[in-house]
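This is the structure, below, for whatever I ask next.
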């Protein structure tokens, strides 16, 4: 569904992404892992068209990202930091996005109700806590039932109840055959959600494998142990590019 | 695009800075216009205030606003909307509210308390300066990665146009005072939107005679309708060119 | 001396008038001139109401020509009207109109040639090239006349009251408008111009050259193309006049050129581009005048010496004083300047620090006029403020050591 070929991006001399080749299929839940500054956010932003790649192509359903912005109607994006105009109310933000997406008339407001966002609709963004803003971002990402969900640190800052609710939502979307691409620093949060792991370091792709495979290779079950092992032994990279 | 403009300006119209700015302008305008029983003098004082504060506040506020909106712009860009539309919509929403502030703060008292054509010219001037300096702020935002640096550049730009440029112009005039430089100077003045708007305003008031007295050419070049049109056209360039560059550069900007 | 002249004039005219016969004149071809020719010296002609299409009317003997309810003498835009060539003639109550226009001769409504003790009063002079033209005459009085014309440029028009090579004139209470110069004096001495109103003339409200020992008092010069010009004269007294709204690219309240030993006192200068412009003037006393809302209150060229400026009020002028010189041999003292922001700790009603009436920007524009393009810019404001704190460019001598804290009451 998403096909990335030879993607390279550098900021001045620093290489944020170095010749990345990846392919993401439907129904997969892909976790982007890697230390700070390894290029996760750059990769996500490249897919969204926010970062213009230097070399390489990104295709979504065979359409190159650079040609046209209409592919973005397939994507629900939840940013790492959600900041909205101070004096807008939650309701206004949601209404605005709805008005921007005239193509879609069926809204998925499961999260809006589940997270209780509908009850505080007239609060202004300025007065919201970071967690509540995250909730709003999550609601917006899922609002149009997109085919692809890109979630940058989705559970960071959320309370455990909301975090669980969001995870359940992600799982239910996965079961509908959607593609979920997410990053997180808290590996345990991704436990049970992830089907594949992409590991980036210094802009380079270290490995891209399914969780089962990794568990086989390392003999560990916990996600953080698996990753730690992979790093320790410096296992040969065997990517499952599809 | 309309949707974004609508929501952005709705947001900004409730912005505290904008509200204080409007109130401050209104208080100054009303007191200045009431203090001087000579309307043309009140206009001159208001012109000075406009030339000093409108560029500075427009560019600073806009720069800070654009940099603060970066995450919001990202969110909008994750929607199937063209980049330039998002950028121009942000700009339009911003200038709508800044212009509304000026129109209410200065324009309204002007139209109520004076009945001169010059008052209208001042209003248009203030609005054009708002557009110009917001456009420059947009350009700073597009070309600059860092907010702090952006604000620094914004301050430098507004200082440059309100003070430094005139200093350089004065030096230039002094160094070449033995040559016929009236025409080059009329050309050079076009490089500063604040000077353009000052001259445009002065030409509407009777003090323009003082300019004609010292250099008949100014009155001839600028005093005619053609001169005013020249100034307005240059101002239009100042509004559109930064916007154009900003949209071109924004296509390639990494967020 | 002037008032004695006046008494002499009036005495003579009244005394001789009583002796003659009274002759009535009615409209009709050639009637006026024939009547004048037939009349005896000292007769009084009563010209009755109506239209007299006569021209080149020669008055060559002492007569009193008196209009009854403004009879109209019309030159049909081709000819001159009255020629007065005899002394002690009185012309009054006539409407003299439509002289011709010529580049060869100065066509006048009433022309006085080589005469003395002539009185021209209470006449209406409409659309004449020259209204009243005095030539080589003395002891004449021009009183209460109204001269209107609609001159559009300087070239083809004449002056309201024109005097050349005269002495002991009294020009009083006339209203002049729409001529080239309102009142024109050339080689006129020992004369007095008072209570006249000269407005909307194309060039000068009063044009005054090579004329010494004259006084002009309580006149109003308003909205004239170039204000008032006083040139190449000595001992001129200017009191209680009003110079208002002489506003334009080259307009002055008063333009003084090569004037010496004169007085300019108790005048009002409002809204003139330049209230007083001085070039080559010496020993002039400018005192107790009001300068209000002028572009430049004074432009003093370096060629001016030993002039005294005291007790004046300067307020709301764009520039108080401008000069192209660095050395100033003129004195400013005890003036009120609204731009003065000094203090008065010893309570003697004058400021304790001197006031420098020339702003740095005024100096700059005087040296390089093109810098006027920066008028009212933030930069020039700052320059002036800096110069106030740290004077460096402005001539040190050019200052008022006793600036008044309060306005003079000049009413």
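Lettered A, B and C in written order, each chain numbered from 1.
Just so we're on the same page, contacts are C-beta pairs under 8 Å (C-beta built on N, C-alpha and C of every residue); 3 or more make two chains touch, one makes a residue touch a chain.
Because the structure is a prediction, the values reported are computed rather than measured.
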Third chains touching both subunit C and subunit B: none
Innermost chain by mean C-alpha position: B
Per Cα centroids, the chain farthest from subunit A: C
Centre distance in Å when subunit B and subunit C are each reduced to the mean of their C-alpha atoms: 47
Centroid distance [mean C-alpha coordinates] between subunit B and subunit A, Å: 42
Subunit A and subunit C, separation of their C-alpha mean positions in angstrom: 89
Subunit B contact footprint on subunit A (complex, rising order): 9, 11, 45, 48-52, 69-73, 75, 77, 79, 81-88, 92-93, 96-97, 99-101, 103, 137, 140
Subunit C-facing residues of subunit B, complex: 38, 41, 44, 47-48, 51-52, 162-163, 166-167, 169-170, 173-174, 177, 181-182, 185-186, 189, 195, 198-199, 202, 206-207, 209-216, 218-219
Subunit B partner contacts - residues on subunit C that touch it in the complex: 247-251, 273-274, 293, 295-296, 316, 318, 364-365, 367-382
List of subunit B residues in touch with subunit A within their complex: 3-4, 7-8, 10-12, 14-15, 68-72, 74-83, 251-255
